[in-house]
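Order as written gives the chain letters A, B, C and D; numbering starts at 1 within each chain.
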Amino acid sequence: MTPRIAIQEAPFDLAAETARLTAGRQDVGGLASFVGLCRADDGLAAMVLEHYPGMTERAIARIAAEAADRWPLLGLTVIHRVGRVEPGAPIVLVLTASAHRTAALESCAFLIDWLKTGAPFWKREEFEGGAERWVEAKAADDAAAARWKPA
Amino acid sequence: MTPRIAIQEAPFDLAAETARLTAGRQDVGGLASFVGLCRADDGLAAMVLEHYPGMTERAIARIAAEAADRWPLLGLTVIHRVGRVEPGAPIVLVLTASAHRTAALESCAFLIDWLKTGAPFWKREEFEGGAERWVEAKAADDAAAARWKPA
Amino acid sequence: MRILYFAWVKQRIGVGEEELSPPPEVRDVAGLIDWLAGRSPGHAEAFANRKTIRAAVNQDFAGPDHPVAAGDEVAFFPPVTGG
Amino acid sequence: MRILYFAWVKQRIGVGEEELSPPPEVRDVAGLIDWLAGRSPGHAEAFANRKTIRAAVNQDFAGPDHPVAAGDEVAFFPPVTGG
């Protein structure tokens, strides 16, 4: 199982990514996905995403390898957009395939929790009127990621 | 939020169902999905799904209302196929939308766990050579559903 | 009373639906099963192992003590296996 | 040593990347921050609140005690906010 990891400006195609993990095979019993979208809170005009090229891919590859180690996965896709994203548009996709639903659902939740705290992305919010603000890290995200740590 | 519930023989279109929950709105921050597919275990030729028309829709509507009560959902879709399904084909779709990821991910897992144990569907496996077998309920599915019960 | 059967319960009994009028001493799901099991060898086979039978009364899951009455829709089937 | 800055750290310093040769007494991430903070008012502002700064050495997250040496790639940035 080779994870598919992409950092890109372009939108992604959920149907195409799903087909990529299941086409021509009959051993996938469950496919879990999470799509994170840009909300238009407080008059947001756009979100601008920056990342650390090189480290981003390394960090996600390590998280993906950990997921493949913890759950019996048949497919794993992480696509994270960078650059300018408008309200309503998708930002991130996590897709996991397994013979059984629990492995797919749990690994999908694990990956999105880790992406929030373990991958070098930063979001800047641009508001109508020109104000801008860097999104601050949330303690709730650290707590969500921490619950996956082995006891 | 009106849940979309469909029991149908036809395949479903994940991209169209996703678009239905997000198109034209900017308040959805997370969209979780689970697709259950027919695996070709042990020489399976096809799966035939039977259900209890009337009760199925009632049971799913009740589970959907419970999910909407427990999590702040902006959209909820359950599509379950009946009839003959071949290996590799999708059987069930659960799709949940919320402002935040945790509500979407948890409610999606809740719904698929309940569908396994609380909705009147039955699967018959047809094998190459003509043998057939009714799928037996799994204790693991009961345990998965039970973990959602309020303490 | 409208009686419905699904999955292998239906296969063993040979029909998916019966319109029946059980005698007045049939008051609950368990009593209805006892009475139905005597109707034919297929019914007897279908209801031979009570632990494998689930019931619904008027489209809600119902245990053996659940009352049944004229006009009810009562269904019998194996444990569900959807999803 | 290749030094990289991201997000508001980069905005305050005004460049995303510097190629620098810190003096030999700079041995770890904390020492490098002390030294960098003295380079310009922008650097001083960027590193004013150490609690809000995260670092990576050679593309792995690194704490203040992590050693740094000539040839390393060291990056400074705020806590990450992806996903």
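Just so we're on the same page, a residue touches a chain if its C-beta (ideal position, glycine included) is under 8 Å from a C-beta of that chain, and two chains touch if they have at least 3 such contacts.
In this text the structure is predicted, and so the values were computed from the model without any measurement.
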Contact-graph distance - origin chain A, target chain C: 2
Which other chains touch chain B while also touching chain C? none
Distance from chain D to chain C - Cα centre to Cα centre, in angstrom: 73
Averaged over CA atoms, how far is the centre of chain A from the centre of chain B? Could you give it in whole Å? 23
Rounded to a whole Å, what is the gap between the Cα centroids of chain B and chain D? 48
Taking each chain's centre as the mean of its CA atoms, how far is chain A from chain D in angstrom? 26
Junction residues of chain C - those touching two or more other chains: 83
Any chance you could list the residues of chain A touching two or more other chains? 36, 101, 112
Show me the residue ranges of chain B that touch chain A in the complex, using the header's touch definition. 13-15, 18, 22, 24-40, 87-88, 99, 101-102, 104-105, 108-109, 112, 144
Which residues of chain C touch chain B in the complex? 4, 6-8, 56, 59-60, 75, 77-83
Contact set on chain B toward chain C in their complex: 36, 49-52, 54-55, 58-59, 80, 91-92, 112, 115-124, 134-137, 141
